[in-house]
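Labels run A, B and C following the written order; every chain starts at residue 1.
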Amino acid sequence: MPSTSLHGASAGDRIYRFATTAFALSIPLLLVLLGVEVAVAAWPALKAFKFSFLTSSDWDAVNGVFGAAPAIYGTIVSSALALVIATPLAIGVAIFLSEFAPAWLRQPVAFFVDLLAAIPSVVYGLWGIFVLVPLLREHVMPFLADRLHLGNTPFFSGPAYGPSMLAAGLILAIMVLPYISSVTREVLMAVPRAQREAALALGATRWEMIRGAVLPYASSGIMGGVILGLGRALGETMAVTMVIGNRHEISASLFAPGYTMASLIANEFSEATNDMHLSALMGVGAVLLAITLVVNIIARWLVWRVQRQARA
Amino acid sequence: MPTTEPRTLTTVAAPTVANGAADAQPLVSVRALDAYFGATRAVRDVSVDFVEGQVTAIIGPSGCGKSTLLRCLNRMHETIAGARTEGEVLLDGKDIYARGVNPIAVRRRIGMVFQRPTPFPTMSIRDNVVAGFRAAGHTAPSRAEQDQIAEWALRRSALWDEVKDRLRESAMALSGGQQQRLCIARALATRPRVLLLDEPTASLDPLSTQKVEELVYELRGDVTVVIVTHNMQQAARVSDRTAFMLLGELVEVAPTTRMFTSPADARTEAYITGRFG
Amino acid sequence: MNTRMSARMSTRMSTRAPRRSVRARRARSAVMITLTVVAALLATLPLIFILALLLTQGASSLNWAFFTAMPRPVGESGGGMANALAGTVMLITIASALGLPVGIGAGMYLAEHRGGRLASVVRFLSDVLNGLPSIVVGIFAWQFLVRPVHRFSALAGGIALAVMMIPLVTRTTEEMIRLVPDALREAALALGYPRWRTSLTVVLRTALPGIVTGALVAVARIAGETAPLLFTAFGNQFWSTSLTQPISALPLQIFSYAISPYDEWHALAWAGALVLLALVLVISLVAKFATRSRFGSAND
């Protein structure tokens, strides 16, 4: 550096700034592109069937009539069933891990539960087809219907095929459990120790401490975890497609086969016979996209609120 | 260009300065400098000269703006979001804040060492030393050139004997004091005209502090050093001249011996006799 | 907050105390604690069942031919999934080649513009993208990449997987870069490093082990994805490494064999599932342990 000049360009900095900004912008662009592409493809069907696309149960590719109500119903019911089963379990596991588990057990159990999230969906589906569905058909469904005499209620009536809303709900429960449990665990860990000690000092038992001091403090974070799990359950595709039975019908019975939006797309998309059929499937995708978007935003907001609370 | 000296500088203007360096040219001249963090004015209308080859200490209670002033001298202040400066800093008579001046070129001529040692954790000892040197040229210096400069800088910072057998090892394995001297070596390797030290011994034990102080003392003559310290004994030990800052203003700057024996300003006296902060 | 809580606590307790004896409360506490233990058992049970079954079913039909042979038509026994394995490797490669630079670059932007408005928008949308159903990503990729050219392709499949990967990589990159002390960035700038060089050779390099971990976690997640590939990569019974041709993938092959009516194919599906799970677990474990020891000291 012989010259004493202080002048000089920094083209590298401009390129760097431009590149990282472009990469960052690609995420909103990608999302907008995705929304537009799906909406544009869905438009013909949504325009043709208007509101009946959401309310009608007629899904007839041959006659070109499409109503997605069974799939929407199935998505909601299977996800709700999954949450009903998974939430208490997940909260139980989280409480066990954060409050009661001996130190040596904490790591392995947490690892095992987290591992559930690592198993690919298609592997769950395989297990569902060859283990869960036969088990339901031969043992669980007869037991529920005959031994417990629930067969008279509309929810457990009808023939026990095996592939069913119940199977979908069960497999989804296993799949969303690790998500709910890991968020819950984090939220429980964030409850200040003073909170627990105050309760114990008042003479509370360990359970009363959790019930009275820990859970209320963590409740909105747990809610966030549950809704995050709901987001997963709503969009889960492969495992559900493999066990739900794929039938366009709304039935109150959990024994009956059904459809979810995701499995409907997975099943019919590559066999779609005409443009309207494709557009209708895209419309199902658009509805699914809209629902998961709303659910995710609510979940993020809840989790974010808890984090902000913890910081303050 | 008329330069308006603040009134507190009148004592320094007298030519009777120790070390016989008073008639030496100022290498760095600060002229009416203000530094801001957003709306907060951390440095207020400071004008001061740093004489070539001398060690100048800046003292003052914490929060007085001494570190901010230091960071204005090599345009590091502006790297903080919302921070800006007004006024001039002349290096060899050229304003480093003039339009078109590249802050990177400024920082290569005015090196800096921070409060905590900051060796790059992914680089070996040798690579740490030559990191700035390597980044400086348009073409990469040869391996031999790098080895040469690494040895020179490590000898200059009195670290060579301690690390010469493990130049390839991670710099993170060194002790805190060694890491700090490594950072000084790294700054020296770019052959800067000025070296800025921001409380360089604040995180070190007494023995390491002593080594760094000896090193600073050694550097006078070759490099112009500006050292910020909250330790008045340190300022007295290592510096030729001392500047005292309070609430963002430069209260007084004088030869160190005079500053600590007969300060001109009552506030300076109050501070060095321990009556505040 | 605290006082409000304890006030609520004490009213709850005082209304209860007269009704319940201490012993009853203790018993109730013990029962509830036991229930959480039961929950933990129930939650780990499915995993143990699935792993055990995969090991017994999968291992019995797993042999060398599985890795080297091509699929055979129905009726012929034997055969393997060599093409599906190659396809999975290729799809992961395409997805990583596209998704990693974008994700890492966006993560660097987020870390360097912490409080910026664009940064918070991108951070939020990245979470939204992460929560989208994979099947929706699949139909988007079909509409955008397959429909216009009337051809399924490995490239479309890889891009769909990259879309799934980007938000994951973005967030871990941001978190890892935030762990790098600001002092290091300052030290590099003070040495006369330009910003880009500071970011790449000092900050990014220091955060690299953590970013590699994040990238591996993302790869593990997309390796098992099926839904985004159904209408993009589509699957292929033959050997293909072409970017513009349909390509097979392990999860796709498992799916189509699982829903087939043939026992030989079921056996292959089990073997495939075992291999896929092993692949995913190995990548996850490498991510978890291998990079930890190297990073430890640089973290603080």
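The rule is simple: a residue touches a chain if its C-beta (ideal position, glycine included) is under 8 Å from a C-beta of that chain, and two chains touch if they have at least 3 such contacts.
Because the structure is predicted, anything quoted here is derived from the model rather than measured.
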{"item": "Chain closest to the assembly centre - both centres taken as Cα means", "value": "C"}
{"item": "Most remote chain, CA-based centroid, reference being subunit C", "value": "B"}
{"item": "Length of the line joining the C-alpha centres of subunit B and subunit C, rounded to whole Å", "value": "49"}
{"item": "Inter-chain centre distance, subunit A versus subunit B - centres from mean C-alpha coordinates, in Å", "value": "57"}
{"item": "Centre-to-centre distance between subunit C and subunit A (centres being mean Cα positions), rounded to whole Å", "value": "15"}
{"item": "Subunit C: positions in contact with at least two other chains", "value": "194, 197"}
{"item": "Residues of subunit A touching at least two other chains", "value": "10"}
{"item": "Two or more partner chains touched - positions in subunit B", "value": "104-105, 108, 136"}
{"item": "Contact set on subunit C toward subunit A in their complex", "value": "2, 5-6, 8-10, 12-13, 25-26, 28-29, 32-33, 35-40, 42-44, 46-50, 53-54, 57, 101-106, 108-110, 112, 118-119, 121-122, 124-129, 131-140, 142-144, 163, 166-167, 170, 194-197, 199-200, 220-221, 223-227, 230-231, 234, 251, 254-255, 258-259, 266, 269-270, 273, 276-277, 280-281, 284"}
{"item": "Of all residues in subunit A, those that touch subunit C in their complex", "value": "10, 12-13, 15-17, 19-28, 30-31, 33-34, 37-38, 40-41, 88-93, 95-97, 99-101, 109, 112-113, 115-116, 118-127, 129-131, 174, 177, 181, 194-195, 198-199, 202-208, 210-213, 216-217, 228, 231-232, 234-238, 242, 262, 265-266, 269-270, 281-282, 285, 288-289, 292-293, 295-297, 299-300"}
{"item": "Residues of subunit B defined as touching subunit C within the complex", "value": "74, 76, 79, 81, 104-105, 107-108, 111-112, 114, 116, 118, 120-122, 131-132, 135-136, 172, 183, 186-187, 190"}
{"item": "Residues on subunit C engaged by subunit B in the complex (per definition of touch)", "value": "115, 181, 183-184, 186-194, 197, 202, 205-206, 208, 297-298"}
